[in-house]
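I'd like to ask some things about the structure below.
A, B and C label the chains in the order they appear, each numbered from 1.
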Amino acid sequence: MQIQYIFELAGTAFFAISGALAANQKSQPDWFGVTFIGFITAIGGGSIRDMLLGSYPLVWIGDVRFLYAIFAGVLLASLFYNQLQKLRKTLFIFDTFGIALFTIIGTEKALLLGVNPLIAAIMGMFSAIMGGVIRDVLTNETPVLFHKEIYATACLAGAFCYLLLHYFDCDRTVSFLLSGLAILLIRIIAVKFNVSLPKFRKEGTD
Amino acid sequence: MQIQYIFELAGTAFFAISGALAANQKSQPDWFGVTFIGFITAIGGGSIRDMLLGSYPLVWIGDVRFLYAIFAGVLLASLFYNQLQKLRKTLFIFDTFGIALFTIIGTEKALLLGVNPLIAAIMGMFSAIMGGVIRDVLTNETPVLFHKEIYATACLAGAFCYLLLHYFDCDRTVSFLLSGLAILLIRIIAVKFNVSLPKFRKEGTD
Amino acid sequence: MQIQYIFELAGTAFFAISGALAANQKSQPDWFGVTFIGFITAIGGGSIRDMLLGSYPLVWIGDVRFLYAIFAGVLLASLFYNQLQKLRKTLFIFDTFGIALFTIIGTEKALLLGVNPLIAAIMGMFSAIMGGVIRDVLTNETPVLFHKEIYATACLAGAFCYLLLHYFDCDRTVSFLLSGLAILLIRIIAVKFNVSLPKFRKEGTD
């Protein structure tokens, strides 16, 4: 539990870094704007999940350390801006690590609250992607989940993997690691080989 | 009650179809994107209503059959894509049927939760239109309710009709049918005769 | 308390006026659209705050007079449209007055609900700015808080001022007035002298 808590704080800081870096590329907002976007990216997914589930208090409202993690993330993004931008390819793996972590934590939390496993998987995915979706909506961009690379689908797949292992009473830590690994692998393969889901409908087909 | 439940599931499936068809026209998202948009369109309005009212669990979180209805809707939209696109004019009537249904269900639910009738009417309207609003925000379009044809206003009028009948202790089924019919008629007349509400202020008027 | 309640209603009406005027400039929506935007601008911030805190019922759902205040605001915006547009510069001070009021009310409410002071300050700021943010998202504009003038930051500063005075057991009315005044002054100075926060990162810097 202690380790999961530290991971959760680290994941929050990482989401804030990734939000701050994304924020700065286009519209060059000021310090407040960047911190706000980092904040939304980091807490948006978990907040949507908990508000949908009616699970109060929200994690970051009940525990102020998540705010400190976000401020630390934005500060790091400022101090090491150039290095981090150069590391984008490496960062993508960290980003995926954060997404994997949040998906499994979210799925587990929803399960503990007693919802249907299918709903729990959706809640896990929401925890991971909704922060980025709100960020994109606020900055007037098309949300990341409509881009072609497999992204939210990887989260869903990992959540189902966790549910399956959970169903067979697999050890919690093992389930956690295996299903997180599944998300990492799917995402890395998708980006590396430029895999995308089939289109719903081709334009001009009859 | 049993009949209302079946209608509610059918209405959810229909909203998912309409969301999936709308999603596909512009940005050609993949299967995940289309399902996501169908899902948001179907559950968005009811979720906003319940989160505003603090009524937990949300309908689709407490009853997984609403998810199945959404998946069925998206699948139908894919299988009969061309036929459905050709049927757009007929579909408009189904769409209006769904909006009417959700408005009255939402108004009734809010009333049962003890809010002021005026608030209940707004909640009814939100149930019907907010799914489409969130869909439009996510896909970067101007929300449907700012377009000229009478749309949300028809929902509000139907909700007030329901409140009036409810106030005079009219039979529930009769109130339900009459106020739903009111929404259908207002909307059909508005589209057929291209009726719109007056502008708030004409450009260039002094 | 009585005076605060009247101020809160007046602030709500004022936000509705400012929303209705903003709504009308670009897309010329109809009466429904303008009322909807005025409504969202007025209740958005407080609703977000209360939904994040899980504090039910939302203010405007538990007390229908807030709706009446909004309708009155939209009506006033229509009746005195030209005069109000000419008064824009003066209006800016009223707008800032509304923001100051909502910030302090929001901060105080969050504190009473027992959250960490830092979270309470964020909730105060959210009360003031989130209505405008939702309005901007719905009308497809870049949210006001990413524009250059100091805006949300002034709210945060005022909230911290209130927290400080509260911490030193200062009289509630005095704390209220002083911290509201702080927001007003910061905002007026920022607009008058075109002060903005430093950019997070200059373009092209290495």
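The working rule: contacts are C-beta pairs under 8 Å (C-beta built on N, C-alpha and C of every residue); 3 or more make two chains touch, one makes a residue touch a chain.
None of the values given here were measured: they were computed from a predicted structure.
Residues touching across the chain A and chain B pair largely diverge in numbering: under half of the numbers involved belong to both copies.
On superposing C-alpha atoms, the copy chain B sits rotated by 120° relative to chain C, to the nearest 5. Between chain A and chain B, the centres computed from C-alpha atoms are 30 Å apart. In chain A, the residues touching two or more other chains are 51, 54, 137, 140. By the touch criterion given at the top, residues 51-54, 115-116, 118-119, 122, 133, 137, 140-143, 145-146, 148, 152-153, 156, 196-203, 206 of chain A touch chain B in their complex.
Chain A meets chain C in the complex at residues 20, 23-24, 27-34, 36, 47, 51, 54, 56-58, 60-61, 64, 67, 78, 81-82, 137-140.
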